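Take a look at this one; I'll ask things after.
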Amino acid sequence: MAIPTDLDTFDIKLLDHGVAVIAFNRPKKYNALNPQVYDQWGRALEWARKSEDVRVVVLTGNGKYYSSGQELAIPSSDELEEAGGADNVFKKRSVFTMKVVRELVHFPKLIIAAINGPVIGFGVTSTALCDVVYSVPDATFNTPFMQLGFCAEACSSVVFPRVMGYSRANEMLLMGRKFTAEEMKEAGVVARIFPKETFMEEVLKLATASAKFPPNAMKETKALIRDPDFDFLDKVAEREMELLGKRMSSDESAQAIMEFMMAKHDRKQSKL
Amino acid sequence: MAIPTDLDTFDIKLLDHGVAVIAFNRPKKYNALNPQVYDQWGRALEWARKSEDVRVVVLTGNGKYYSSGQELAIPSSDELEEAGGADNVFKKRSVFTMKVVRELVHFPKLIIAAINGPVIGFGVTSTALCDVVYSVPDATFNTPFMQLGFCAEACSSVVFPRVMGYSRANEMLLMGRKFTAEEMKEAGVVARIFPKETFMEEVLKLATASAKFPPNAMKETKALIRDPDFDFLDKVAEREMELLGKRMSSDESAQAIMEFMMAKHDRKQSKL
Amino acid sequence: MAIPTDLDTFDIKLLDHGVAVIAFNRPKKYNALNPQVYDQWGRALEWARKSEDVRVVVLTGNGKYYSSGQELAIPSSDELEEAGGADNVFKKRSVFTMKVVRELVHFPKLIIAAINGPVIGFGVTSTALCDVVYSVPDATFNTPFMQLGFCAEACSSVVFPRVMGYSRANEMLLMGRKFTAEEMKEAGVVARIFPKETFMEEVLKLATASAKFPPNAMKETKALIRDPDFDFLDKVAEREMELLGKRMSSDESAQAIMEFMMAKHDRKQSKL
């Protein structure tokens, strides 16, 4: 299967031995996620899953950020009209997001997150669904769900506590604390930190070594590790998404977003 | 709802933005736990849960200790008579303890443990049920259940291994090893350690920031995190408590307590 | 019950207070595991479980290695003939291996792994089933399952992610990375590292202290910790073993082993 050519928000490369690099490619937007990006992300993962040429996937970001998470954009009048109202806009968007979550939870091949810079929101939570996470030293991990009146997503409500313990997971999910790469390593989400200069080189060397392993051994061992949680995680993802829909349309969240935006604006003004 | 005024073993304050500080307040007894304290603790948590003025709870201790755990006291003749025998004394006590465990497991708001000093037994295990744990650098964490012939309680038999891994959890629960604050941080139970001088200041700053978040977002996200374990943890708590009753009335434990007391007495004598 | 005298691949000692030391004792073979060793290991654990003289078990290795894991040996013509073909050889072997896994999962007394040197494969995965793991500083932990086209075993497919988090567990299980003792401590598998000079002395001091605890308190508390997972782990072990049988008889694995052996041979040659 050829690399899909219509996924213009991504930079996709297929390297020797079947290592596919899927990179967020909107560096000027700090690789923010909007419905189009979610849609193309899901399709990129579907391709990598189905293509017999792909053995191992590396997710990363082009530019300074890995991903700045969900774009906080008010639906355009076109989008509103097309979908038939604000409620439907969220429903339509959530289909794309759920596809990404499902692809990651059920991904049958080794998938590595190579965190090249700061990462926010869904960028962080989706990372914890990858098999192995590597990071540059100066990346930060931030899930400001409470600041925005949202809620945990991408199975983070159960995967974070399981990996990090309650204390650290709740600092991220309930208190909105930004973690450093070193702290995420202590928490067990990041396996190792490599210097910025040689980061992708190191990651690709490891990915390539793994791509040479017998593919069925890899696939079947990954299934041993992941299968027992499939039903549970699918249900968790649905429950989170249902709640997120309610949260995003709540007055509480609307006000929180407005305050968040204004605080950001004030910080920018004060720097002038 | 006004702060309850009849809980004289606690020091309860309601600060700005709905931060409730519930402090063990028997510093001369190193904040030891007896039936009266368990009873009042349960009622303090019930108030914090029900009061609409409370957004975030901080548990801490006045004086040198956070809590020295279960008071090792032989039931008084009054208590024995009132309850109708030693077996009933334990049953009556355990009602209060179970209420605390249930309030902590199901607590619907953010609850932070601020460990201001050494903590022992039920003080440690109940801490792991809080959402986030902060500690001073020189606190120690000790669960001498085996030394006393008791058993794990407050869901620690499953929460400790899940958060700390088997190796560290079993060092605490089965080998009775005392952990430092730094070791509890490595184990994932403690999120962060703050200097003693500014400890409560730091914790209250974080608690206050969280108290300002949209309350429903907080409540619903915490429910996502905790709900899936409610049934399991309720059953674990009951099973532990049933076993603890048997253990406490066993000859094995009676002898272990006597030896523990005598060793303590000898250590005191040798210091004179 | 007397120490069994027919387990010549082990060195078994019963020390004061009921501390049984069970040591792999084929130092010239780096304590590699073959059907005979698995068989004797299972019988040694069964003895330690049943003997009323045994309170605490310490597993360790004599010589430089703890254990170098599964011996990569082609079945001898005798073994093939006796079993009736290659398929039956694996089935016969797996009975011994499964007995060890079952004894470890259900072991009712405190069992400590004292990692005295490098450990590979089943040596590593079985270690994670012990209650507490101590290590010398220079031990390494290696599970080259993918290099050999095998799969995870001894419940490591679920116990490793649970204890270490997905990222580290998958580096070991899916990417075949060798971990240091310090990394295994960070990952929560190893509780503590003691200097090589005083290693067994330290471990035996701790084991002896635990052996003095009331034995029923220990047994019943360990049951609280382990019981909830018995059914799940038994099923996982069976599923892993079934897959391992298929993997070991696959062409993929045969080729991987041959390449592994040749690479080893080349490394040896290049050192001459």
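For clarity, chains are labelled A, B and C in written order, and residue numbers in each chain start from 1.
Everything that follows uses one rule, which is that a contact is a pair of C-beta atoms (placed from the backbone, for glycine too) under 8 Å apart; a residue touches a chain by one contact, two chains touch by 3 or more.
All values derive from a computational prediction rather than experimental measurement.
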Any chain that touches subunit C and subunit A: B
Same-residue or different-residue interface between subunit B and subunit C, half as cut-off: different
Geometric centre distance via CA averages, subunit C-subunit B, whole Å: 36
Subunit B: positions in contact with at least two other chains: 162, 164, 186-188
Residue numbers on subunit B that touch subunit A, as the complex places them: 110, 128, 130-133, 162-164, 186-192, 206, 209-210, 213-218, 220-222, 224-225, 228
Touch list for subunit C against partner subunit A, complex: 145-147, 149-152, 157-158, 161-162, 164-171, 173-176, 186-188, 232, 236, 239-240, 243, 247, 250, 252-253, 255-256
